[in-house]
Structure formats: structure tokens, C-alpha cells
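One structure follows; several queries about it will come next.
By letter and in written order, the chains are A, B, C, D, E, F, G, H, I, J, K and L; residue numbering begins at 1 in each of them.
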Amino acid sequence: MYVVKSPLPDADLKVVSEALQGALLDLVDLSLVAKQIHWNIVGPRFRSIHLQLDEVVASARAHSDTVAERASALGVPPDGRAATVASSSGIKPTPAGWIKDEDAVGTMVDALGAVITRMRERVEATGEPDPVSQDLFIGITADLEKHHWMFQAENA
Amino acid sequence: MYVVKSPLPDADLKVVSEALQGALLDLVDLSLVAKQIHWNIVGPRFRSIHLQLDEVVASARAHSDTVAERASALGVPPDGRAATVASSSGIKPTPAGWIKDEDAVGTMVDALGAVITRMRERVEATGEPDPVSQDLFIGITADLEKHHWMFQAENA
Amino acid sequence: MYVVKSPLPDADLKVVSEALQGALLDLVDLSLVAKQIHWNIVGPRFRSIHLQLDEVVASARAHSDTVAERASALGVPPDGRAATVASSSGIKPTPAGWIKDEDAVGTMVDALGAVITRMRERVEATGEPDPVSQDLFIGITADLEKHHWMFQAENA
Amino acid sequence: MYVVKSPLPDADLKVVSEALQGALLDLVDLSLVAKQIHWNIVGPRFRSIHLQLDEVVASARAHSDTVAERASALGVPPDGRAATVASSSGIKPTPAGWIKDEDAVGTMVDALGAVITRMRERVEATGEPDPVSQDLFIGITADLEKHHWMFQAENA
Amino acid sequence: MYVVKSPLPDADLKVVSEALQGALLDLVDLSLVAKQIHWNIVGPRFRSIHLQLDEVVASARAHSDTVAERASALGVPPDGRAATVASSSGIKPTPAGWIKDEDAVGTMVDALGAVITRMRERVEATGEPDPVSQDLFIGITADLEKHHWMFQAENA
Amino acid sequence: MYVVKSPLPDADLKVVSEALQGALLDLVDLSLVAKQIHWNIVGPRFRSIHLQLDEVVASARAHSDTVAERASALGVPPDGRAATVASSSGIKPTPAGWIKDEDAVGTMVDALGAVITRMRERVEATGEPDPVSQDLFIGITADLEKHHWMFQAENA
Amino acid sequence: MYVVKSPLPDADLKVVSEALQGALLDLVDLSLVAKQIHWNIVGPRFRSIHLQLDEVVASARAHSDTVAERASALGVPPDGRAATVASSSGIKPTPAGWIKDEDAVGTMVDALGAVITRMRERVEATGEPDPVSQDLFIGITADLEKHHWMFQAENA
Amino acid sequence: MYVVKSPLPDADLKVVSEALQGALLDLVDLSLVAKQIHWNIVGPRFRSIHLQLDEVVASARAHSDTVAERASALGVPPDGRAATVASSSGIKPTPAGWIKDEDAVGTMVDALGAVITRMRERVEATGEPDPVSQDLFIGITADLEKHHWMFQAENA
Amino acid sequence: MYVVKSPLPDADLKVVSEALQGALLDLVDLSLVAKQIHWNIVGPRFRSIHLQLDEVVASARAHSDTVAERASALGVPPDGRAATVASSSGIKPTPAGWIKDEDAVGTMVDALGAVITRMRERVEATGEPDPVSQDLFIGITADLEKHHWMFQAENA
Amino acid sequence: MYVVKSPLPDADLKVVSEALQGALLDLVDLSLVAKQIHWNIVGPRFRSIHLQLDEVVASARAHSDTVAERASALGVPPDGRAATVASSSGIKPTPAGWIKDEDAVGTMVDALGAVITRMRERVEATGEPDPVSQDLFIGITADLEKHHWMFQAENA
Amino acid sequence: MYVVKSPLPDADLKVVSEALQGALLDLVDLSLVAKQIHWNIVGPRFRSIHLQLDEVVASARAHSDTVAERASALGVPPDGRAATVASSSGIKPTPAGWIKDEDAVGTMVDALGAVITRMRERVEATGEPDPVSQDLFIGITADLEKHHWMFQAENA
Amino acid sequence: MYVVKSPLPDADLKVVSEALQGALLDLVDLSLVAKQIHWNIVGPRFRSIHLQLDEVVASARAHSDTVAERASALGVPPDGRAATVASSSGIKPTPAGWIKDEDAVGTMVDALGAVITRMRERVEATGEPDPVSQDLFIGITADLEKHHWMFQAENA
């Protein structure tokens, strides 16, 4: 009933809204995973990684907001609820409990890697139907790849 | 292996850590629910409630961080992962899709009410075993009850 | 008609809301008394006390807002109108006109002393029925006792 | 005994100091009335008006300070005590208890209207005896009429 | 005579400069229309929409500056004079006088919709001849579509 | 229908509202003219004047907002639409295209001179009917005459 | 040769420029006198008055800049050179060397009193020929009378 | 002779003032110990721990100020002189000279552990006689236990 | 040995990493050239250009950091050492010694022009293999073309 | 009578205090001369030099304060009164009236040159008797020589 | 074992490191003494001196950090532990308990005087072996002598 | 032709300008080397050293600007071009490619050590001919030796 009119034709909208919804779940989960490790990390690099993780959290929260509001702007209600995130995120489950610093770094390398792969597919998929959404995905990918490099460099 | 030594005896620790873990899940979910409505609300009061919800998100995020780090400080690894939140939060599931402003307000009144009831039980339970944790719950309750009033006043 | 539902049972609410309403009147009056002296003080210590009084005003205004909104959050409409303050404040009337600096300090020692005595009674009274409100009174008392010391030290 | 020498002759001073004292009482009361409604307002426009009222409070507090210190600068001790405000303000008493948002707006339209009428008389009365005080009244009137418009527009 | 040398060949420059000049007029007019409604809006949602409109004004002013300076950087003098705006803007004329809040929202939905449609055509047209200008149009479109959603949500 | 009640009698209101409406158009046009030259100026003094013009834009935008909201506060809906500005501004049309720095300065000397002359007439006209509006015109004139001096000094 | 064209006719300009030039000398000297005492004051109130004097310096410097630039804006080159200040200021010479705190306060009461008397004459003189300059004098007088009160209150 | 009147009866005051004085010495020493290690630490984790230690210093300084001023507010002069700290602090002496990073972390774990144990006893002791002081001890304990966790996590 | 894994296939990576490495050298050299002229410029426009050059330095430094970290994120170690810059920058050598302002502007027009030409080729080359890197080049080109316009306008 | 005890023996103090007093007069005069030209400058470089002069004013004011307070700290009351400045400054009198930009620059080159020569003599004279004062003169000389270069570069 | 290599030869290093270590103890003790009096001062000048003392604390803390890190930079581990400060500071012990304001000022005059005398000896001793450390001592002396003057002026 | 007149005689100028030019090259190269390692570092201490290196970059950039502008102020055009830096810097070439964290620290220890040795020679050389330049070298040496200590402590 309460509709926001989309600037995109239906076929294009379908592609773009799936990309946005998928990105939203990945990014919300990324923020939860990074916070989880932020709280549970132990080891000599504790403080350094603890702070670095909060920068990932800040990035992931900001990007998830951008992506969700983009969906709304295209007339598609976004879904970022806990249950949807838990069932459909592209990041594989993190184990509970204390986590040693080097494992923490490895977990983040994997989590970021998984999200980046999917994000690059979204860049590919949306260029034609909506260059505006594509541009958001490009910016998010650039930022995530920067975080990815830093965690890889950390474990080299 | 990687232990943080607790300042509390085991029996007290059990009570307090359950309270902290429960609070963490409620607060993470509160932040996700408030964001969900922030993105999906429609109606004449859109802008006003949209902004108000982001203040709830900011409160819930800050409180969840405090509570999780308090658990760590007591030697208990906190669990704020999406699946745990989805299965054990004290807030009842929010429906997907656009949500009319008055329903949004009603949903928030209910969600905050549910969290407050549990938080007051935690205040009660932790006073004896750990007045330090109790003081955090008291501060969080004060803040949530302020948000609760505002949404009730909004729907009066 | 337009009710905010209280988290407290009726008997507890009665005790707590009387404490909050009494504190509100004391704090609004404290802000008015401190401003009155801020404007009327004369003598060699004029500038020093003039500035110090504005810090009391800032404290009293912030605390009165906290206390009034706490009453609203408990479902009780606060009353901070001029006539109610004039008739029911716990501070005894200040004389009109210029006031010599040492008298100004003495007046503030008395005014703060009167409010503190009543505030400590509120800490006592509310611990059982509502530890959340008690915590606010404790924080306010700490702050007022700090101001009280400073004015006493000033007149030693 | 502790006199501040007035730059104005006695006759002029009488006119100007009455205007300043009257304005002080109106403005202190305006700040108390706006805070009272800030705490007691309910209804769908709660948040919007709640915030707007704090801007009136900030204006009224700043203007009352300017006016009181102007009286001191002219050698006349200002009187902003609760009892004087309660007995001599130009704003008619506000009812106690919760107040519906549209009534809140109406009350503010009336309160601001009453103060503005008197403030314009003060602009008129003080131009000859003291253009410096008149200039303050002109600035205050401009600001109050802006607030007045906003509340009227709100209820249109 | 006083030329800035363009990095683009003539044919490309023609397409791009027409897009930039058209965007400039739309954006200057959007800032004027939003200010006009900012001043003339009345109704229960006055304050909320009044503030929201100033965010559109800020967006439109910033984007118009970017677009005009991009034209200069390409060697084409931009034209943002009142008469050119009045005659060539893509937004249909706004009626004079007070405007009810729901009409204000509707007017903004229409104005933003009109500008967005043209802006998407500019994104399309400039991708080949000048991806740098295209990137500006993409960013502007993203921002305008966000504003568009908010006003639509407001009127749902 | 949606009226804001004026504090002025009808005859006075007519004079004052014409002054405000005229000032609004001059100031909006001044902001557009200054931006136009800001974008089109060339020559050795480019950077210096380019920056100076943005200070005129900021002044003109701030003053136009003050003047328009003053009209609203007096109950008269202001008109700052592009077409009205284009047809009724007191500034003579600026030529399109690049403009040499010394011509830019000359154009600004003329534009500011024209607006100042009319603004001084408004100071004259409104002193009796509304000293509050007059005070705004006085402040705006002071600011514009400062800008006027600077551009004259620049071309001396 | 390098003229700034005055918006005032010659007779008016003569009155106003004399007022501005006189005010400039008084204000520059006030800033020098206040700094001199700021450096030389001794006694139990040293710190309090030392800081208070720097607020007078800041006021005097800001006002002297405003007044000098107003003269330039009216086409009259201002003269604020040391020799002119030394020979024509309205403040009587301050003695060299250390100055006891109560004498420092007394000296400031006299210096401010002298400047205020002349400033009020300038308010009187300029109202007719240039209400814009008069408005500056009114604002400066308000500020100086506030400083004057504070030093008088200090010595009461 | 120069007394500040205590709000507490003598027996209560004795308990509370001993707790405050003991806490003051522990906290001043904690700030000195943390600074000592901040300057002398060496090893691969130098920079990370060096920065972390300054956060402990900032906490310890702020808490010592709060505790000392609380003693003054209760009418008991605090003693934070070097000799008293050296003879009565609860932290065992730190060795002089360079300190390897892992030893630095271990030293901080011990120092914080010792202070926390005593601080929890103070929380216990003061709840009855003075809930206001107890509340300060609770807040300080929360903060120290957070630092304690971080250094333990660092060495895990 | 210490590898960062690239998200790009080898062939694409070769193209993109050459573009990034080339851009890095151009941008580092641009920052050194602009600083060199910032220090050596003389002539009537000294201050204006001196300041403008520091804005180019700030742009060039920020962009070089972005580009180098992008290379690292793609798994390719960037080379921004003095010798590599000296031998491979796209900007032709600047003469040593004082430089007249108009020559300074001309030198900057040439230097920026050279870098822009190469940067546009990089936009072209990277669109296919890596739209994320392309987006950085587009943003950098936009900024450099703005600086280029300003120096051209300055010399017109 | 009210003495500040000097850390220097009498002979050294004589040398150092003369240097400080001389520097004070030069710096106060420099601030007045730079402001005088700031107000009276005309010509195409008006804005650029007008702003540059205010940076000299800020430097000169800050340095004069440092120097005067250094004299007080050495037990010698400084003299910065208008008459002393007028009679004993090392800067030769500036002519009254409008001043062409190139003459303004020349005047500043001369004024700064004169002050620098004397300041270097003070560096020489004070090294032996008081390296603390010498260090202030060294810092002031560095700053003045930087301003001197800029004005020379401007006129090259 | 874990050495930082000194840039100074051994003989020079001995002189300089003794100076640095001595200065560190004086400065840490100065910060503790000033805080002690900050908490214990009473009398009519309470507030003024209470605030002034915190500025000494801030200075002493900043300087002690600079001096200790300078020792580390020269390869000598600094010792700022409570016991070393208590046994070797150059400031004579302060009595415990409340202290009247004039005695507080006198105590600070003595304490600063003692530290300054020793600091000037360090300036003398280090000029030859290490002008870098000497420069720090010069700057610290300048700051302490400024504080010294202010307390002397206060008690004159 | 376009000369800035030097305050130094020729012989002195020769010594000082060589010192400044040498320092400029060392500092520019230090900034480039530190950035190079900032981008290429890998290993468990990645983040900590990556951030620390940017503080060296900021120091080196600020100092190189100071030194170059000092040369200009002495009338000698500074040379900070890439080729000059590459051929004449006092830092030995850094290898290209990824660099392990401990090697990164070692490289910085060497680079800082080399620059410090030369900087101390400049302090020695310039004391006689120009104490103003010497003071800059002293300050730069202090800062570099602080960075040097930190990297040494890091590798201990």
C-alpha cells in the first residue's frame, strides 16, 4: 500500500534490489562478526587488533545504512533483521569464546574475502540496470579491499 | 587456555554472566530492530521517527558494547553473533516490509517494554553478587525508560 | 487520558514520584536563586563568584531536566511552574537587591545545604522502590556536595 | 551602599528599569512555561514540539540574562526570584499535567503573544530615554516573533 | 579570448556541456523552490518539513557549485543567472503564498522527480564522452533519490 | 486561510512587507550574481576575487533567509521564486560568459551599490512602522556597505 | 585619488566620520590601557582581574576594527596610529609601574566611564545622519557599559 | 579552624574518609607507576603498550581528583603528597630501568589487580554509611576492571 | 614471500598495477613540484599563489596515498621512492631558483596538464579490468581538472 | 613596594629589561602600523594584503604579550602605553590616508626590517645574561623574518 | 640489555642525564604539591587559586613527560617513581591538612622558586654537552618563571 | 633579479644556507622513505608501525616546510625537487617491495640515525652565524631523536 515509486523498470529493479538486499545482510553480519571478535580476542596483539576491528565495525555499519536506504529509495523495503542475517549472510559462522589474535586476523581475512567476492559480483551485475547503485558497490568494495589488505599484511 | 581471571567467586559469576549475556542479546537485537524500522517506516511522521530511531540505535549499540566488555572483564567471553541474537533475544520478531508510522511507534513501545522488564530483573539479580555490574544495568534501564516514555508520549 | 504506563507498582510509584517532584522544585529554585545572586553580587570577589554561580545554574538546570523527565518516564507529569516553585521550594527566600560577596557565598552555603539534606532523604527513600531513580539522586547529591564544599571553602 | 553609578538621569532610569524588570519576569516565566510543556507534552507531534520548546527555553534564558545584566549595568538590581516571577509575569498560568500536542502549541502561541505585546511597548517606551536598552528589546522582539510565527504555522 | 583549454574533443564537449548547463539550472531552481517552501509552509508538520527542506537546499547548492565549476574546468562558462533559471529550469512553477504541509511534500516529490528523470538522462548521455562528469551526475542522482524517497515516505 | 497573525496594523504592515519583499528579491539575486561571477571570472586576480565572491554569497544567502522569515513572522508569505527574482530584482542583468577580473570587480561594485541604495530607503521607510524590521535592514546595510568598500578598494 | 564613494552626503559624512575617528582612538587606547594594567597589576585579586582585563582587550580590539572599517566603508580613511592615539584619546594617562589591584579596578572604572560618555554622545549625534553607524555605537556602548558595571561591582 | 561541615555523622565519616584516603593513594601511585612504565618499556609491542599506559594514567589522574575532592566535600582534607604515596600505596614497588614489554604488561596486571581488590572492599564498606561515595567507588572499579581485562588479554 | 592475495586475475592485474604505479609517481612528483614553487615564487601575486599551491600539495599527497594503498590492496607493492620519482615522473623538470608568479602559474598549468592527460588514459585502461581502481582515477581526474582550470583562469 | 623578585642579578637584569622594554614598544607599534594599513590599503591586491596584514597583527600582538609578561616575570614592570609607543618605537611614522597596495607592501618591508635589526641586537645582547629571554627573542625574530620574506617576495 | 643508543659521548651523557633525572623529580613533585594544595586550599580566594593551581599541574605534568622521554631518547631510563620523588625532590615537604589561601600562595612561591633555581643550573650545565636538552630546560624555565611571577603578584 | 635581502653577511649566509639546503633534502627524503615503508610493511606489527610511520611523515613534512621557508627568508631559494633529493639525500636507498615489520623498524632506525648525525652537525655549525636557524635545527633534532628512541625501543 504505502509505496515509494521506483525510478527503475521492473526487470532492472529485480536485479538491483537482490544485490542491495544481499549486500545489506553481508554488511550487517560483518559488523556483528567484527564486534564479536573485538570483544573476544586475546594475545599479544590484543590492543592493536581490538582497535582495528572497531574501524571495520564503523565501515560496515555506515555501508549497511547506505545500502538499506538505497533499497528504500528504489522502492524496495530492506530486511536487516537478526533472523534474516543469521540465515542468509555470506560469512561463515564464527566460533564462540576467546579467540587468539592470529586466529582473529585469519577469521577477518576470510570474512572480508567472502564479502568482497560477492560485492564484486554486484558491481558486475548492476552496472547496466543502475549505475547509481553500482557506484555505491564500487565505493564499498574499495573500502573493504583496503581492510582486507591490512588484515592480510598483519598475518604475513 | 587464554583466561582472564574473574574478580568474582564462581556462584556470583554465574548469576552475573547470565545477566550480562542476556542483556547483550537484547541490546544487539534492539539496535537491529530500530534500524529495520528506521529504514522501513512510512507516513506523515516519517522524518521525526526516522531520526528518533537512530538515537535508539546509538543507545543500544553503546550499551551492548559496555555490557559485552563487562562480561570480558569478568572473565566470561560474550556472544553477540547473529544466530545467537536471532534465537535468544527477548524482543518478539518484527514483520518485514514498509511499516506505517503509528505501527512503528507501537512496535518500539513493545520492544523497549520487553527489554526493560528483563533489565529490571537483572538489576534485582546482580545487586548482591556484583554491584559494579548492577550499576551498569541501572544506567541502561534509566536510558531505555526515557526512550520508552518518548515513544509512549508519541502515541498518546 | 494520555497515559505513560509506569514500570513501578502504585505504592512504590507514590514514594518515588513525590521524591522526584520535590527534587524538581528544589532544583528549579536553586537555578533561580543562583542566577539572582549572579546578577546582584558586588564586592572584591565579584568576578570569581559571579562565574562560580553560573556553574551552579548549569548544574541545577541539567539536574532539574533529568529529574522531570524521569518523572515523565515513570508516568507522572512533573510540575515545574513558577507558582509551584515559589510556594513549595525547600530553599528559604533570598532578599532582593545588591548582595555583598561574602553574603552571597553564605546564602549559597545555606541554599545548597538545605537542598542536600532533602536530597539525601530522597536517596534513602527510593533505594527500595526504584534503584534507578535512587541512582539519579545519588549522582545529583555528589554534584551538589561538591558545589557546597567550594562555597564553604570560599568562606573559611 | 554598594552602588553602580547609572549613565542615565533619574527620570529616564525609572522608565527603563521598569521595562527591564518587567521583561526579566516575562522571560524567566517563558523559560519555565516552555520547560513545563517540554516535559508534559503528549501526542503524535511529541518529538518535534518537545525539541522546538527547548529552543524557546534557550532563547528565553539567554535573553533574561542579557536583560538582567543590563539592569545591573544601569545601576538597578534586577529581581528574578521565583516568587516575583510567579506574582508578576505577563504570561497567564499554565494548567498542570499532561498536555496534548495541539494544546501545547496553542499555549505557546498565547504565551509568546502576551510577551511580544509587552515587549513592543518596551521598545516604544525606551527609545527616547535609552536607545541602548531599546536595541536589546528590538533584538529580543525579533527573536520572539520568529518563535511565534513557527508555533502559529504549526497550528495552521 | 580568455580561454580555459578543454580536455575533451569538441563533439564530446558539446554533449557534456549541455548536460552540465541543464543540471546547473535544475539545481539552482531546486534550491530556490525548496527555500520558497521552507518559508511558506504551514500545518502540523511545519517544523519537521521546514528543517528537511533546508537539507535539500544545502544539497542543491553544493551540487550546483560542483556542476558549474565542472563546466568551467571543461572550458565552458556556466550560466546560473536568475533569468536563465526562470526560463529554462526543468521544475514546474510553484504557486505563491502559504502552502499546507501535505501540499509542500507533494510539491517536493514532483520537483525532485522531475530533476531526477533529467539527471538520469545525463548519466546515460555522458558515460561515453566524459566518465568524469558522469561520475558527478551519478553521485548527485544518488543524493536526490534519497531526498525523493524521504518525501514520498512522508506522504505515504 | 492558514494565517499567521501580524503584530502590526494593516497600514504599517503594507509598508514593511513591501520593504521586506523587495529586499528578499535583491538579496536572492545578489547571491546568484555573485555565484555567476565566482564561476566565470578569469585573470590574474582570479583566486582572490573568486574567494571574496563566496563571502558575498554567504552574506546574501543568510540575509535573504532572515528577511524572508521576518516576512513570515509578520504574517506575509514571502516570494523568492526564480521568476519573481528575474523580473523584479534591483540589480541590472549580468552578461553571460567569462568575465575579466577587473570587470568582475566593477560589476560587483555596481550590484552592491544598487542594492545598498534601495536598502537605505527601506531603513528610512520602516523606522516608524516597525523598528524591529528596520533593525534588520540596518544590520544588512552595514554588512553590504563593508563588501562594497572592499570591492571599491580593490579597483582603486 | 583612490576614492571609496560615500553613501552619505557631505554634511552628514562630516558628523559621522568625526564620531567614528574619535571612537577609534578611544577604543585603541582602551585596548592599550587594559593590556598595560593586565601586565602590571599586583595584589590578592591579581588573577581574577588579570583575566577580566583580557576580555576588555578583546572587546576593544574587535570594536576598534569594526569602527575603522566602517569609516573606510563610508569613504573616510581611519587613523589609528600610535601618535594620534597618544595625543587624542579620551582616556587620561595611566601611571607607569606596578599597580595595586584595587587601583587597577578604579583606573578601569574611570577609563570605561570616560569612553562611555563620549560614545553616548556619538549615539546621539549619528542617529539622524547615519542610523547604520549609530547602530554600531549602540552595540559598542552596551558592551562597554557591561564591562563598566563589572568593574564597579568589583570595587563596591 | 577552617572547617567544611560534613553531611555525615562522625562514625560514618571515619569509615568513608579512610576509604577515600586509601583510594587516593592507590590511584596517585597507579598514575606514577603507569607513567614510569610508559617511559621505560621496550620490545616489539612498545608503541601499543606505550599508548595504552597513557590511558591508564588519564583514568588514574581523573579518578584521584574525584576521590580527593569527595574527601574535601565530606570535610576531610585529603593527603596525596609524594611521601604519603610512597609509604602507603597498595601497589608493590616497580623496579627501575628499562622493562621488556611482556614484563610491563605483567606489572600492570598485578598493579591493577591489587588496586581493584582494595577498591571492591571500599565498595563493600561504604554502601551503608555513604551511598554517594560508594557510587564513586563502583564507577572507578568498573573502569579499572576494564583496564585489567585488557592487560590480561594482552598477555594471554 | 609475504603476499597479499589479489582479487584480480593476472592479466587484469598487470594493466591496473601499471596504471597505479604510474599515477603514484606523477602524484608524488606533483606534490614536490608544487611545494618547490610554493617556496620559490615571487611577484605581486605571491601570497595568493603561495596559498593555492599548498592546496595542490594537499590534494596530491592525499591522492598519492590512496593510489599507493590501492596497489597494496591489489597485492602489488607500490614504489614511491625519490629515485623512482625522479626518473619516471610524467612531469618535466622544474628549473631551480626564484620563479616569477606568472611563470609559476604557467609551470603549474603545464604540470597539471601532463598529469591529467596520463590520468585520463588510466581511466580508459582500467574500466574493464577493475572498475574499483577506475573509480579512484575518475575522482582524482576531477580534482586535478579543477586545479587546472583555476591556474588557467589565473593566467587568462 | 609590590615587588616580584628577579631571578637575575642587577647588572644582567638591566641589559635584559632594556631589551624587553624596547621589543615591547616595537611590537605594539608594529601591530598598530599593520592595522592602520589593513584599514587604509587600496589597489588590485587589496584583499590579499588586507588579510596578510592581519596575520602580522596577530603575530605582533602575541609576541608583545609574551615579551611584556617576561619583563614582569623578571620583576620589571613593562610599559606599553600609547605615549611611550609613540615616542620610542623603532618604526618610522606611517603617513595617514589611503595607501596604494604596492606602497603598503613597501612600508611593511621597511617596518619589519627595522624591527628585525633591533631584535637581532637583542638576541646578541641577552645570550649571556639570560638565555631564557634570548630564546624568546630568537623565536620572535624567526617569525618576523618569515613575514619580512613574504612582503619582499610580494614586491619582487 | 635492551639498549637505546645515545647520540652523546659518555662524559656529556653523564652531565645531561643527571640534569634530566633531577628535573623529572622536581616536576613530578611540583605536580603533586600543586594538586595537594588544589584540594586543601580554603579562604576567600579559594576558587581563583584552586583553578590557577590546576594550570601549574598541567604545566608540570607536560614538562615531566617531555623531560622523561628526553632521557629515554638519550638512552637513559628515567625514574619517576613515588619513592624516588619522595626522597629526592628539590621541593621542601608541604604540611598536611587545610591550607589558608595566602599560605597556599606563599607555598607555591617557595616551591616554584626552588625548582627554578635548580632548573637555571641545568640550563647552565647542559649548554655545552647537549644544546637540545638545554633548549628544553630553557623553555621549562620560561614557563615556570611565568607561574612564579603570577603567584608573587598574587601575594604582593 | 627578484631578490629577498638577507639579514646575514655573506660568509655567514654561506654556512647557514648549506645547512638549510642539506636539511631540506634529508627531511623530504625522510618523508618519502617513511611513506614507502608505510605502504609496503607486512607482519604481525603491521598496524602499529603503519600508524607510527605516518607520524614520522607528518613530522618530516612540517620540518621540511619550516627549513625551506627559512632559506627563503634568508634570501636563498631552496631546492626540494625529486632529482635533487634522489641524488643528494643523506639517507641510503631503501629496497623496493614488501618489507617485514622488523626490517621496517630497522630501516627507520638507520634512516633517522643518519639524519640526526647530520642535523647535530648543523646545530654545531650554525650557532655562531645564525642562532635563529640553529634554534630550528635544535627543535628538529629533539623531535627526530624522539622518533629514533621509539623505533629503537620497538626493536629492543
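Convention: contacts are C-beta pairs under 8 Å (C-beta built on N, C-alpha and C of every residue); 3 or more make two chains touch, one makes a residue touch a chain.
Labels paired with UniProt names: A, B, C, D, E, F, G, H, I, J, K, L = DNA starvation/stationary phase protection protein.
None of the values given here were measured: they were computed from a predicted structure.
Note on A-E: across the candidates B-D, D-F or G-K, the interface recurring with over half of the contact pairs conserved by residue number is D-F.
Looking at G-K and G-J side by side, the one with more C-beta contacts is G-J. The mean-CA centres of chain I and chain K are about 49 angstrom from one another, to the nearest whole unit. Centres computed as Cα averages put chain E at a distance of 52 Å from chain J.
Distance between chain A and chain I, defined via averaged C-alpha coordinates, is recorded as 31 Å.
Counting partner chains per residue, chain G has residues 1-4, 42-43, 45, 48, 69, 72, 98, 100, 135, 153, 156 touching two or more of them. Interface residues of chain F, counted against chain E in their complex, comprise 1-4, 28-29, 32-33, 35-36, 39-40, 42-43, 64-65, 68-69, 71-72, 77-87, 89, 93-94, 96-98, 100. Taken together, the chain K residues at the contact with chain G in this complex read 45, 48-49, 51-52, 102, 150, 153-156.
Across the complex, chain A meets chain H through its residues 41-48, 50, 98, 100.
Residue ranges of chain K in contact with chain L, taken from their complex: 1-5, 7, 69-70, 72-75, 131-132, 135-136. Chain contact summary for the complex, chain J toward chain L: residues 113, 116-117, 120, 123, 127, 134-135, 138-139, 141-142, 145-146, 148-149, 152-153, 156.
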